[in-house]
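Chains: A, B, C and D, in written order; residue numbering restarts at 1 for each.
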Amino acid sequence: MTSGSNSGDICNGIFRDGLLGKTPPYPTNIHDLEALAKEQLPPELYAYVADGAGNNTTLRDDRRAFGRWKIIPRMMRDITTRDHSIELFNDHLKAPILLAPIACQDAVHPEGEVAVARAAAAVGVPMVLSTVSGKSMEEVGDTPRWFQLYWPKDNAVTKSFLQRAEDAGYSALVVTIDTKSTGWRESDIAHAYLPHLRQKGIGNFLSDPVIRAALDEAPEDNFRAACAHIFAVHRDLTQEWDDLAFLRDNTNLPIVLKGILHPDDAREAVAQGMDGIIVSTHGGRQVDGSIAALDALPPIVEAVGDKMPVLFDSGIRHGADIMKAIALGARAVLLGRPYIWGLAVGGEDGVRQVLEFLLADYDINMAQSGLTTTAQLGPDILRRADE
Amino acid sequence: MTSGSNSGDICNGIFRDGLLGKTPPYPTNIHDLEALAKEQLPPELYAYVADGAGNNTTLRDDRRAFGRWKIIPRMMRDITTRDHSIELFNDHLKAPILLAPIACQDAVHPEGEVAVARAAAAVGVPMVLSTVSGKSMEEVGDTPRWFQLYWPKDNAVTKSFLQRAEDAGYSALVVTIDTKSTGWRESDIAHAYLPHLRQKGIGNFLSDPVIRAALDEAPEDNFRAACAHIFAVHRDLTQEWDDLAFLRDNTNLPIVLKGILHPDDAREAVAQGMDGIIVSTHGGRQVDGSIAALDALPPIVEAVGDKMPVLFDSGIRHGADIMKAIALGARAVLLGRPYIWGLAVGGEDGVRQVLEFLLADYDINMAQSGLTTTAQLGPDILRRADE
Amino acid sequence: MTSGSNSGDICNGIFRDGLLGKTPPYPTNIHDLEALAKEQLPPELYAYVADGAGNNTTLRDDRRAFGRWKIIPRMMRDITTRDHSIELFNDHLKAPILLAPIACQDAVHPEGEVAVARAAAAVGVPMVLSTVSGKSMEEVGDTPRWFQLYWPKDNAVTKSFLQRAEDAGYSALVVTIDTKSTGWRESDIAHAYLPHLRQKGIGNFLSDPVIRAALDEAPEDNFRAACAHIFAVHRDLTQEWDDLAFLRDNTNLPIVLKGILHPDDAREAVAQGMDGIIVSTHGGRQVDGSIAALDALPPIVEAVGDKMPVLFDSGIRHGADIMKAIALGARAVLLGRPYIWGLAVGGEDGVRQVLEFLLADYDINMAQSGLTTTAQLGPDILRRADE
Amino acid sequence: MTSGSNSGDICNGIFRDGLLGKTPPYPTNIHDLEALAKEQLPPELYAYVADGAGNNTTLRDDRRAFGRWKIIPRMMRDITTRDHSIELFNDHLKAPILLAPIACQDAVHPEGEVAVARAAAAVGVPMVLSTVSGKSMEEVGDTPRWFQLYWPKDNAVTKSFLQRAEDAGYSALVVTIDTKSTGWRESDIAHAYLPHLRQKGIGNFLSDPVIRAALDEAPEDNFRAACAHIFAVHRDLTQEWDDLAFLRDNTNLPIVLKGILHPDDAREAVAQGMDGIIVSTHGGRQVDGSIAALDALPPIVEAVGDKMPVLFDSGIRHGADIMKAIALGARAVLLGRPYIWGLAVGGEDGVRQVLEFLLADYDINMAQSGLTTTAQLGPDILRRADE
């Protein structure tokens, strides 16, 4: 990434051993890769990953929002040395990208989150491991990684998760606050609500000492009892801003709130002593008809100022998207569905291809725009589109 | 509706005995359900329900108008206890929804309006029975229901209808004022004008004592004479605002005018002592090229102020649509074509599924937005879209 | 048209002897009718009528422009008596509609312009006969009709045409000024430039005494010589505003200039003593990428004031379009391609169906909007759309 | 071009010997021609020419930008004598059009750039020969032509190229400054990065004395060594504005910078003593998501004033596009992909057809708009579209 990613470099770097063992034309475009993934996954599992809430309105709007901004590239600048890396909390990121937390990756590929973590480490960006992970947080290799928390009702379980994340070397805690319940996802209901996820995504639960202790007390330590307990401790509809003090008191990790769309909620996050926020529509999976994440970003950046980093999630597909989100004030972006398509098609190699391509796309688009560091991205490189 | 509609609840509540006796994927999405209904109905009947006036311009615009508003959800609020019910005239509604008056439901399903009324009662919302109902108003069970009047020319018939509605326990009168004649509906003309509706929708006419008395005077009490009489008494092109005094004088029910799109007409309704109005394009079936109902709503709400409730009809398909219409000032919304698709596919069960899904969608979208009562909906939760 | 066009009336009026001898579903919608015409015409002839200049940009824009205006209907008005007729120059029009001049109708149907004139007379609106007519102006029956002039180079021919039009009882002269040459019509070029029009559209030329005298002087009075002469006298690229004095001096008919899109050209028409203008893009067939006719209308109406009537052409397909054009200041509109599709499918009956349907659509849409006369149409019934 | 391009002229001029040896319908429309070219070219070569960078966003936006401007034509002007020619640097152009530099035309057709140059000369417009040309600059006939420079790292090679271009009679130098590296072109990567271009586009390199001398010093004068050397001297990521002095000092030709999108870069070009600039997105092939070239044009024209001519490239497909770009301030436009489709389908004849059609389209659209010279084009003929 630091120099000379001209076309030759790209070829050499990317086409080792053929691309995912295939012959040309390769699935280069993310839409082609998604089509391949769709062929390989059961339809209900594909729909679970691909679809959003309700009428998919927000899913589409998240993408369209990027089209309303255009980049004005600058010429005749020395672009030989490029360094897109950023420092974020305790990590050095080769590029301003993280892998968004996505549940149940063991349903997509047997190696699941372990494969994803390896690919992320290979390209030098952190993954955010979901609470609802197929592998336990201890099983996922010691690479730069953050832990995402679906905040359980049971404080003992919460404390256990926080302690385990610290012990296992996670560098930050992402608390998802937009998902007290699942969104109205019609394709999931159409498929009788997620039978393909049965026994998936429970790595962190089954391995948890607090949960296991509770199960030992149950008459039969079977799967049904485990699930009942998991659902009993999972998600608390009552949680309010003040309750965040409990998390603040029980972890030394930086806490990042994920799922904020209103500037006043961003201000509240600052007031509660949080360390960062992620502007996100949860990939269009929660409130059908909500504001597009990118449209929500500028007023939130203005509200927060330099009090904490604002990250961005929902809709990132191309290098230009990264440039736009950061130019509008995001410190870094999270990538979601695209790496799952890579995982489905090629496991670790597939995820790595998606990441390498996205980073090459970002590097080249930056260079062509006359920009050599992520810090140079600001509103002056953008123009609001007329369409 | 009042608590805990998390994903488990939804599954349990919704998937009894398989969904409409079918196997997955279920027709969850309203568009999938419409496709099923289209398969089952004669093409001319499907077209009669589905199409709008002229070029279907208004039909499409009614839907697009919702896309111009986006919801900004709020996080970290206690959403455990949710109560979306409202009081409207003499009824308690579990959610701010009524079933819009739709003619000739006996053409769609043998149980017609009786099945619809049962489904509406089961979920706790009123249906509005059409004048042109297959079943007579007395046959439709004693559930919360309003009576819709196509105001006849013959005052004796009108008085009879009003009296019967009161006697049968209807709680409000909806007077449709946008349909002095049928719209220019090209698909109906293409099908030689509604042969599939022959002998349909005449439940209230054939059972009416005034009409029956007139028929007894006719030489032959046959169907042809009945129809001639019905058309003779039906619809009066001369009616003007002052004429509403006749209705006001002849019923104790609250009177709600349906089909208003201009603020000055809304002011006139107030001046005539009406009890409410419904902003509506008649589902895009009357004036081809008219303003979208949702675009007409805000200026009308401003004109009316708190002098009477303003209801909304035309284009409601999803929970987010309900939120947007109410946030823009509507007290409640009417649902039209979607429940007819449910009726066509599954009779009473089909209508109930449509309603339960819509209410679950509304409940979840509200909860995800941090809202627990319908009264919390206001313009502050919306942002005008840039596209 | 003057009363009671309720649904019964429409059925009775329209469905005589089945619709164009077909069984349901009838080709009611103009797009369905066009599809039928496309099946029946040679592809190059269909393309000649259907396509516009260049990339069809203006053809599409002409239609889209109507979508930017929405009608706000009014309720509870007495709409029993409706009279949409207008007076225009020397004619009484049952509705504010004329048939636009279209060349070579003998290529579409053997009865060509004669059939069209009969249909126009039957519904009470004038047709505008093209210079390039298959039938001579004397052959077209003595019904309300205007004569369209492609102004020849040869003054003797021009004078002859003007005199013949007066003698044959034409009530106005339409001078097309936007067609000094044919537009860049790619589908015509693709088909080797109009072989299907060979020997078509020459009724007025072959019957003209001045042209015939010139041919008599030619060595061989054959078709080739006739054509050469016709092209020699046809169209003069030098004509400027002052030259209109020649027409003014040589006819007593009102002169209407067709093809104006700029307010300054409209002012020039007033200055030259013209009697009217027609805002038109020539159906999108001349300048590819020109302003849509409807977008050009309001500034021209403002420039002209009440100094002369402004007519409108290009894009009329539905009753609502007529309402919008007139509300924006047009005195009447011209209908083009739709009646040619009627002519192709059903000859005189086909044209009559198109006209009756359009008039019924207009009548019903007006009535539903609370309007009973064309004069009531003004900008107050419209709202600019937000999309 | 100078008179009378009425429909007869067009037919006579265009349809010699059938169109490209085909029977009607001829590939008149540029989209039809592209479809034909797609059939004839290997898929990866077609994609190389047709596609843009990344998601093709800019490729689409470049076209859409034209739709935001509409032409307001004027009537009744003498349009007999039309002369669209312009003077540009040392050339007389029959119309304000040049052929854009496009690499590797020998991959598309064996005669490659030689055929293109002949066709350009036949219609009287210059071609801009690419550095990466199949034929050497000396092989391309002595017709009006400019030389495009991908500025090599090696000053000796650069000087050699500049001297050769002057010696061979090229009239201007176009320096492409937006391509220090290739864009992120997904279809090229999908096809394993341009195998179809192997040994193509090296005419200027293999024939260069400086490069050949270096090769002679190499142990084996084989193709692999040549390529290595070419890539070694090619493109310098360090170049900045001041470096342009080197070019200025080493050529007497006018220097035109190609690829400017920001007004400040245009000002810098003036400051560096350049002779002209070309506003261009490189046909949407460099920065995915960049501003559309036409949207970038007006602020650049304002910034430059009359200090140098501003040319326009990217998206020209029709006569109306030329009118719009020039009305917005461009002195001339460059045509790209369309002539490659002509080359693929018909070699020199194919290119000539594309050019003759485009010029006829331009001539007719100008005439229909009442314009007879390119100099009459200005912002007053345009209106910003409402859509």
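Throughout what follows, a residue touches a chain if its C-beta (ideal position, glycine included) is under 8 Å from a C-beta of that chain, and two chains touch if they have at least 3 such contacts.
A quick note: this is a predicted structure, and the numbers were derived from the prediction, not measured.
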Between subunit A and its twin subunit B, rotation from the CA superposition, multiple of 5 degrees: 90
Farthest chain (mean CA position) relative to subunit A: C
Geometric centre distance via CA averages, subunit D-subunit C, whole Å: 42
Interchain centroid distance [CA atoms averaged], subunit B/subunit D, Å: 60
Multi-partner residues of subunit C (at least 2 other chains): none
Touch-based graph of the chains, sorted into line, ring, star, complete or other: ring
Residues of subunit D defined as touching subunit C within the complex: 4-8, 10-11, 14-15, 24-29, 32, 66-67, 69-80, 317-321, 323-324, 357, 360-361, 364-365, 367-369, 383, 385-387
Touching residues (chain side subunit C, partner subunit D) in the complex: 43-44, 53-55, 57, 61, 64, 68, 177-178, 180-184, 186-187, 189-193, 231, 235, 237-241, 243-244, 257, 259-262, 264-265, 268, 286-292, 295-296
